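Only one structure is covered here, and it is reproduced in the block below.
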Amino acid sequence: MSEPVLIGEGMTGGYGTGADILHDCTIAVDAGEIAVIVGPNGAGKSTAMKAVFGMLTLRAGSVRLNGQDISGLSPQARVGRGMGFVPQTNNIFPSMSVAENLEMGAFIRRDDIRQTMEQIYTLFPILRDKRHQAAGELSGGQRQQVAVGRALMTKPSVLMLDEPTAGVSPIVMDELFDRIIEVARTGIPILMVEQNARQALAIADKGYVLVQGANRFTDTGAALLANPEVRNSFLGG
Amino acid sequence: MIRVENLHKHFGGFHAVDGATLDIAPGSITGLIGPNGAGKTTLFNVIAGVLKPTSGRVLMEGEDISGLPPHALFHRGLLRTFQIAHEFHSMTVRENLMMVPPRQAGEDLWNAWFHRGRVAEEDRQIHARADEVLEFLTIDHIADEKAGQISGGQKKLLELGRTMMTDARIVFLDEVGAGVNRTLLNTIADAILRLNRERGYTFVVIEHDMDFIGRICGPVICMAEGKVLAQGTLEDIKANEQVIEAYLGTGLKNQTNKEVGHV
Amino acid sequence: MSVNPRNILLFGLMGMALLLVAVLQSPTLALTILNMSLISAIMALGVNMQWGYAGLFNVGIMGFTAVGGLAVVLVAQPPVPEAWRAGGFGTLFGLLIGVGTVMAAVALWRRMAPGRGRALALVAVLVAGFALNRYFFVPAVDAIEAVDPATTGYLGGLGLPVVLAWPVGAVFAAAAAWLVGKVSLGLRSDYLAIATLGISEIIIAVMKNESWLARGVKNVSGLPRPVPQPVDMQAAPWVQSLADGLGWSLAQTASIVVMLGYAGLFTLVLGGLIWLAEKALNSPWGRMMRAIRDNETAARAMGKDVTRRHLTIFVLGSAVCGLGGAMMVTLDGQLNPGTYEPLRFTFLVWVMVIVGGSGNNWGAVLGGFVVWFLWVQVEPAGRFVMELVTAGMAEGDLKTHLLNSAAHMRLLTMGVAMLLVLRFSPRGLIPER
Amino acid sequence: QEVKFGVILGFTGPIESLTPHMADSAELAFKEISDSGLFLDGQTITPVRADSTCVDSSAATAAAERLITSDGIVGIMGPDCSGVTMAVLQNVAMANGVPLISPSATSPGFTTTESNGLFFRTAPSDARQGAVMADVLMERGITSVAVTYTNNDYGKGLSDAFAESYAAAGGSITINAPHEDGKGDYSAEVGALASAGGDLLVVFGYSDQGGAGIMINAIESGAFDTFAMGDGMYSDALLETIGSDLNGTIGTVPWSEGEGTEAFAAFATENGVNAESSYTRESYDAAALLALAAQAAGEATSAGIAANILNVANAPGEPIMPGELAKGLEILAAGGEIDYVGATNVELIGPGEAAGTYREYIVEDGAFTTVSFR
Amino acid sequence: MDILNALITLANFVLFPAITYGSQLALGALGVTLIYGILRFSNFAHGDTMAFGTMVTILITWALQGAGVSFGVLPTALLALPVGIAATVVYLLVTDRVVYRFYRRQKVKPVVLVMVSLGVMFITNGVVRLIIGPGDQRFDDGARFIFSVSQFRAYTGMEEGLALRTTQGLTVITALIVMAALFWFLNRTRTGKSMRAYSDNEDLALLSGINPDRVVQVTWILAATLAAVAGVLYGLDKGFRPFTYFQLLLPIFAAAIVGGLGSPMGAIAGGYVIAFAEMGITYAWKRVLTHLLPDSLAPEGLVQLMSVDYKFAVSFALLVVVLIFRPTGLFRGRSV
C-alpha cells in the first residue's frame, strides 16, 4: 500500500519541557479522504494536530507529507507546503475586520483571491454582512465561521480543522460538513477533530479514537459508529 | 423568576438584541436556541450585568435588576458561564474553583491576618467541595495544573464547575456543550437535572446540540435577529417552519439524529 | 516562601555580596547599601502588591514616595511661628475653600440631572471657588514665603518624633492613592500607567512649587533623626570603649553603630510588612486577588467586587511605598523635591520587582536588594571595566576620551547586569510559584 | 606616596554636560600640584571620581561613603547639586570628619548649615548676587523686567534674592517664571514671558541648559532682544551659539578684579581643559584649596585640611593665581602665609560661605566686556 | 481692536511652536505606538534610540561639513540622515537579535519586555554618551529662517513680529510625508496588514504563513526610521543633548497614550494635543488681549490660566481627564 499523503507517525511529545502528552500516536489521511479524530477532553487531540503542524517539538516519531519528512519544518514553512489549519481556540484576528481576516488566510497566495472570498461569503452568508466588522466583536459561532473561512482562503492542499463546528448552529454545521465533503471530493485530504462525533464520523472515511495521547481505536467512520464500545464511551451513546 | 421586558441592546447601529421579551419560570430548565448571531450571548450579558441595556428592563422575582453590576447579581444567586472560556489562567484548576464561594472569611484581610484558624478551617471545606466537583467532571487528575494549560474542552468543564461551587438560584449556561465530549455531556446533563431537582436551581441553557436540549430542557425559546422567534416545547419548536429555515435546517445533523436516535 | 534551597541560596549569595563589600571595600559602605536595600525592598513590596497580586500597573510610585517624604517634614520639623502668624490662617482657610469647592462640585455633578444647567452650575461653582481660594490663599502664601526665605519661608511641621512620620507618611500616600484610585482605576494596563505617572508628576510639581508647604525646590534639610548622628555618637563613652575593644577607628565605630541602628529599625518594619504580605498572599484573599488579576470579567461574574478590591490594594500598596518614602527621607535627613525623578523612583523600583520576581514577596525583597546593590556598585564596576578595556591601548585621544567617559559606563553596566539577570531568569529570580 | 581626593560630581543625570569640564578643571589643579613635586615632600595626588548623579541622594551618599571608607580619600571636591551636597555632608562627611568644598552649591541655605567646620564652597551664595544684579539694572534705568529662573534651589534662591532687592529699589517684575532644565522645548515659557513683557529678560539659569534654550527661543521669536544674565549663564559657548544677537546683554559673574580669571583661562586652555563652561573656575579653586590646605597642615589628613582651608584662602599672605600653585606650595612649605586668589577671587567668610566680587559685564561685538567690579 | 496683530502674536508664540513641537512628538509617538501595537510592549528605549540616530547623523554631518559638502539653504544633516537611519536600523536589528528575540520566544509578559527595554535604554544611554559625550551639540546649518521677525515686520509693517524657522518648516513637511507614507504602508500593503495580523494573534499569523521574524524586522526598521527622523528634526530645531532626548520619553508616551496606544492616527493626534496643552494652557493672554480689547479694557494681569510652573502638571492633568472620558485614548487604542 502506498503511503498516505499526510501522516504523523509514532508521535511522542509534549509542551515545552513538560511531561509527554502524546504517546506513540499515529494519524494519517490520504488524498480525498476525511479523517476524524475523536476522544475525551484532554485526550491530546488538539496536541496531535499541533504536532502534525509543527507547533510542538516531537521527542519521537515523524511527520511526512507526500512521502517527504517535514518534521523539521516550521509551521509557516508547512503553510508554504499547502497545509491549512484551524486551531481550536484563538483562531481569528480579533481586531481586524472579517474581510481582513479572510485576506490574511490568503496571505501566501499571489493570485486573485476575490473569487475564493465570494465562495466563502456564499458558504457563510452572515460573514458578508459583517465583513467590515472587527472579528472580535462577532458572536461565538460567527467567529468559528470566520476561522474556517480563513483556512479555506488558503486553498490548502491539506486541511486540518480542530473542532470546526463547536458553537455553530445546526444549519451552518450541515453546510459546513457538506462543504468539507465537497472539498475532500476535489482530492484534498482533510483531518478533523470533532466532538459532534456522530455527525462527523458519519461523513468520515477514517476515524481515530484517541485516549490519553495514544490511539485506542482506528477504523472507518462507519465501523466506529457501529462499535458499541466506542459509542458508549466516546460518542455519548 | 426572570422576566425580560422589551429589551434592546445596540452596538452602534446594530441591534444585537431587538425587543426581546421572555419569561423564565422558577425551577425550569429553559433552552435558548437560535442561529449564530441571534443575540443569545448578548442577552445573557445584559441579564448578567456585563453589558448595560440600551432600553428595556430585566426583572428578577419582580425586582428590577437591570444595570446592577455582575458581582451584585452573583450575590443574588445569579450565575453564568462564558461561551469563550474565561479561566483564571495562572491559577490551578482547583484554585479556579476555590475562589468562587462568596463571603469567604479569608477574603477579608483582617481575618487573613488575625483569624487564621477560622480561615483555614473554612478553606478546608471549600477545598473538599472543589475536589468533589473536579471528580464529578472527571478532571480531578488535572486539579493542580495551571488552568491556562488545559485543553479547550477541559476549560469548558471548569467553566461549568464554577457554578457548582456555590448555592446558586439561577444559572445561565452559554454553550457548555461546545467542545465537550458527548459521553461527558450526558453526565453533565444528568448533573444539571439533579441540581435542578435536588437543589431547585433554575437553568437557562444556550446550546446548539438538540440532543442535549431535548434531554434536559422543558421550555425552549428560539431567538433570531435579536427577537424571540418561537417558544414552546422542543417538539413544537422543531416543527416550526421558521425555526427550521433559520436555524435547524434539514440536513445531516437532523438525519443523523434520527438515525442514531435517543438513548 | 516555600523554604526552597534555591531561594535560600539566592539570599545567601546576596548576603555574601554585602559581606564581600564589607571586607573588600568597607563595612560602612556595606551598611549604607544594606540600609537603602531595606528601604528599596519595602518599596518593591508595595509595588509587588499592586502589580504582582492585582495586576495594577502603577507608574506613579515616585509621587507616593514623595508624599511619604513630605510627611516627615510636616511631622518632625519644628513649626515656624512667624510663618504661622503671617499666613497660617489664610493658607488653611484657602485650602478649606479649595476642598469645599471640589466637594460641592462633585455633589452637584451627582445630584443634578445631566444637561446644560448642570454644566453651567458646575462652572460657576468652580470659578467662584477658585476666585475665593485665590483671594485668601495667595496673599497668605506670599506672606509665609517672605519669612526669612533663605532658611524658612514655610510653615514648618509639628515638631513630633520622626518615627511617627513613617505611619503618617503611609497614611498620606494612602490618602493620595485613594484619590488617584477613585479617578483612574477604571483604566487598563498602560493607560492606568500613564495616568498614575501623570499624577505623580503633578504631585512633584506641587511639591516643587508650593514653597510655603515644604520650601519647594529650596529643600528642607537637617531633618530630625530617629537615631543619634555619628558625630554625637563619637562622644558616647560606650562607643569609645567599643572602638578601643574592636580596634577600629572611633569614626568608623560610631558610623557602624548608627547604621546598625537604622538597619534594625528598617528590618523591623520590613519584617512586619513581609509577615503581613505573606499571610495575605497565601490566604483566600490572595487567591481572590490573583483571580482578579487573571481575568477581571470572570472575577466579577464570580461575585468579586473588582473595583473595590482594586482600590483597596492600590491604597495599601501605595501606603507601603509612602512608608518607604518617609523612611528614605529620614535616612537622607532631607526632603528634596528636585530629586524625585521617574527613572530613579518609579522605574528602578519596577526593575526591582520584575528582576526579583513579581507576585512573590520574597522575590520583590530580593529584587530590592539585588538592584540597589547593582545601582550603587555598577559605578566602580563600570570604571573598572573601562580601565580594563583601555589598559592595552596606546596613550592617545581615544584612550583619554574613553577614560573620561567612564562615568557613562555606570548606566551601561546597569543595563547589561539587568539584561543578564533577566536572561537567566526571565520570570524573575524568585518567580511566582 | 599618594594622597587621594574625591571628585564627586553628577557625571550622569541632569547636569552631566557640565560636570566633565568641572572635573577636568579640578583635576588640572591636582595635577599641577602633583607635577610640581613640592606637595608634602613629593607626595602625589590621585583624584578619585565618583558620580553624585545630581539628584539621587542615596546613590551619592553611597558613592561618598565608598570614596571615604574604601578608597581612603581625605577631602572632597564637590558635590555639585545642593540636595546631594547636603546629603553627602550630613550623612557621610560629618560622620567621618572629611571636609568638602563644593564648587557649585550656591543655595543660601548652606550659609547657616551646621557642618562642624567641614563644608566650604567657592561659589558665593546667591543672596548677594541677587542684590548686585538689582543694582546693575537700576543704575541702567531699567525698571521693569521679566524674570525666568531654573527651577532648583539655585535659581529659586537667586530669583528670590533679586526680586527682593529689585522691588526695594523700585523696580517691577512683570513675571517671575521658572523653567525646568533638561527639557528641549521652552516655547511655552517664552510665550508667557513675552506676553508679560518688560524692558529686558533676566535669566537665572545655566548656559548650556534651559537658560540657553529660553534665550535662543526668545531671540528667534522676537520676544526679547536684551537680556540680563546670572552667573550660571556666563560662557563662551553661549556667545558662540547665539552670536551677534547677544550683543547688549548685561550680566554678573563672580570675578576678581585682577588677572585671576584670565590667568585661569589661559592656563586651562593650554592644558586642554574647557575653561568657559559653568563652574570650571570654582572647581579649579576648590581643588587647589584642598591641596593647599593639606600643604599648610603639613599632612594629608582630613582634620588638617579642614582646619587650614580658611587659612590658605584668605588674607594675609601672598596672593596665588591659577597656574601658580607651585609657588603657593613652596611658601607654605617654608612656613609662610598665602592668600589664594584663584580663578574666582576666593574669599571665604567662614565655613559654608564665600564672599567674592562680581564682575558686571556687557556683551559687545561678541565678547564679554567688563563694565565694573562690585 | 487689532485682530491681525493678536493673531500674529498667537501664531508666533503658540501656534507655530506648538505645531512644530507637536509634529516632533507625533513622530516619536508613532514609533512608540508601532512597537506597542505590533510587538506589544512599551519601549522605554525609544528616546535613547532617537538620540542614537541623531548622534550618527551628527557625526556624518560633521564629516560632510569637514569635506566641504553643504545642502544650500537646507541643513546638511538632511544629507546625513539616510546614514543615520541605516545605522539606527542596524542597531535596533542587532538589539532585537541579541536581546528581545530571546524574551519573545519565551513568551514573557509584556511588563518583562518593558523592563528589558529599560535595560536596553541604559545601554544605549551609555553608548551614546561614550561616543559623543553628554554635552550640547548644534548641527544645524543652512538658512536659519524662512522669514525672521525683523523681515516679517519690515515686509508687512505690522507691530507684532512672526518668525518661521527653516527647521520648523522642515519638521512639519517631513512629518506629514512620513505619516502619510506610514499610513499607506500599514493599511494598504500586504506587509503592513501582516504586521497588524501578527500583533493581533501571533500564533494564528504563523498559521497563515506570515513570517514572524520578518514582521518583527520590518517593525524595528520602521521604528528606527521614525526614531532617527524624529530625533534629527528635533535636534535641528532645538539642539541635541542625550539627556533631553531621554526626557522626551515622557511627553512622547503621553502623546501615544492620549491618542490610544497602537493607533498611528492616535499618536499623531496625541502629539498635537500634548504640544498644544503645554503651550496653550499656561499661555499668558495679556498681549493678545491688549491687541483685541480697547485700551480702556486692556488687562492688568497676565491673564494666565495657570502659571508656567505647572506646565507639565497641566498637560498631565489634561491627559488624565482625557483618559477618564476615553479610557483607551482618543482613537481607541488597545491594551495588553
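For reference, chains read A, B, C, D and E in written order, and residue numbers begin at 1 within each chain.
By our rule, a residue touches a chain if its C-beta (ideal position, glycine included) is under 8 Å from a C-beta of that chain, and two chains touch if they have at least 3 such contacts.
Chain-to-protein mapping (UniProt): A = Amino acid/amide ABC transporter ATP-binding protein 2, HAAT family; E = Amino acid/amide ABC transporter membrane protein 1, HAAT family.
A quick note: this is a predicted structure, and the numbers were derived from the prediction, not measured.
A.B. asks: Which chains are shared contacts of chain A and chain D?
C.D. replies: Chains in contact with chain A as well as chain D: E.
A.B. asks: Could you see whether B-C or A-B has the larger number of C-beta contact pairs?
C.D. replies: A-B
A.B. asks: So, what's the distance in Å between the C-alpha centres of chain E and chain C?
C.D. replies: It comes to 30 Å between the two C-alpha centres.
A.B. asks: For chain A and chain C, let me know how many angstrom lie between their CA-based centres, rounded off.
C.D. replies: Centre-to-centre distance between chain A and chain C: 54 Å.
A.B. asks: Mind checking the centre-to-centre distance between chain B and chain D? Centres are C-alpha means, answer in whole Å.
C.D. replies: Averaging C-alpha atoms per chain gives centres 74 Å apart.
A.B. asks: Do you know which chain B residues sit against two or more other chains?
C.D. replies: Correct list: empty.
A.B. asks: Which residues does chain D have that touch at least 2 chains other than itself?
C.D. replies: Each of 12, 16, 20, 151, 178 in chain D touches at least two other chains.
A.B. asks: If you look at chain C, which of its residues touch at least two other chains?
C.D. replies: 208-209, 408, 410-411, in rising order.
A.B. asks: So, with touch as defined above, which chain pairs make the list?
C.D. replies: Those chain pairs satisfying the definition are A-B, A-E, B-C, C-D, C-E, D-E.
A.B. asks: Which of the residues in chain C come into contact with chain B in the complex?
C.D. replies: 276, 279-280, 283-288, 290-291, 293-295, 297-306, 312, 432
A.B. asks: Show me the residue ranges of chain C that touch chain E in the complex, using the header's touch definition.
C.D. replies: Going by the criterion above, the answer is residues 51, 57, 183-184, 186-191, 193-195, 197-199, 201-202, 205-206, 208-209, 342, 347, 350-351, 354-355, 358, 402, 405, 408-416, 418-419, 422-423, 426-427.
A.B. asks: Residues of chain A touching chain E in their complex?
C.D. replies: 53, 55, 74-76, 79-80, 84-85, 87, 90-96, 100, 103-105, 107-108, 150, 154
A.B. asks: Would you mind writing out the residues of chain E in touch with chain D in their complex?
C.D. replies: For this pair, the touching residues of chain E are 9, 12-14, 17-18, 21, 129, 133-136, 138, 144-145, 148-150, 161, 163, 165, 234, 238-239, 241, 243-245, 247-248, 278-279, 282-288, 302, 304, 307-309, 311-312.
A.B. asks: Quick one: which bits of chain B touch chain A in the complex? Just the residue numbers, please.
C.D. replies: 11, 33-38, 40-42, 83-84, 138-139, 142, 149-154, 156-157, 175, 178-186, 208-211, 246-249, 251-254, 256, 259-260, 263
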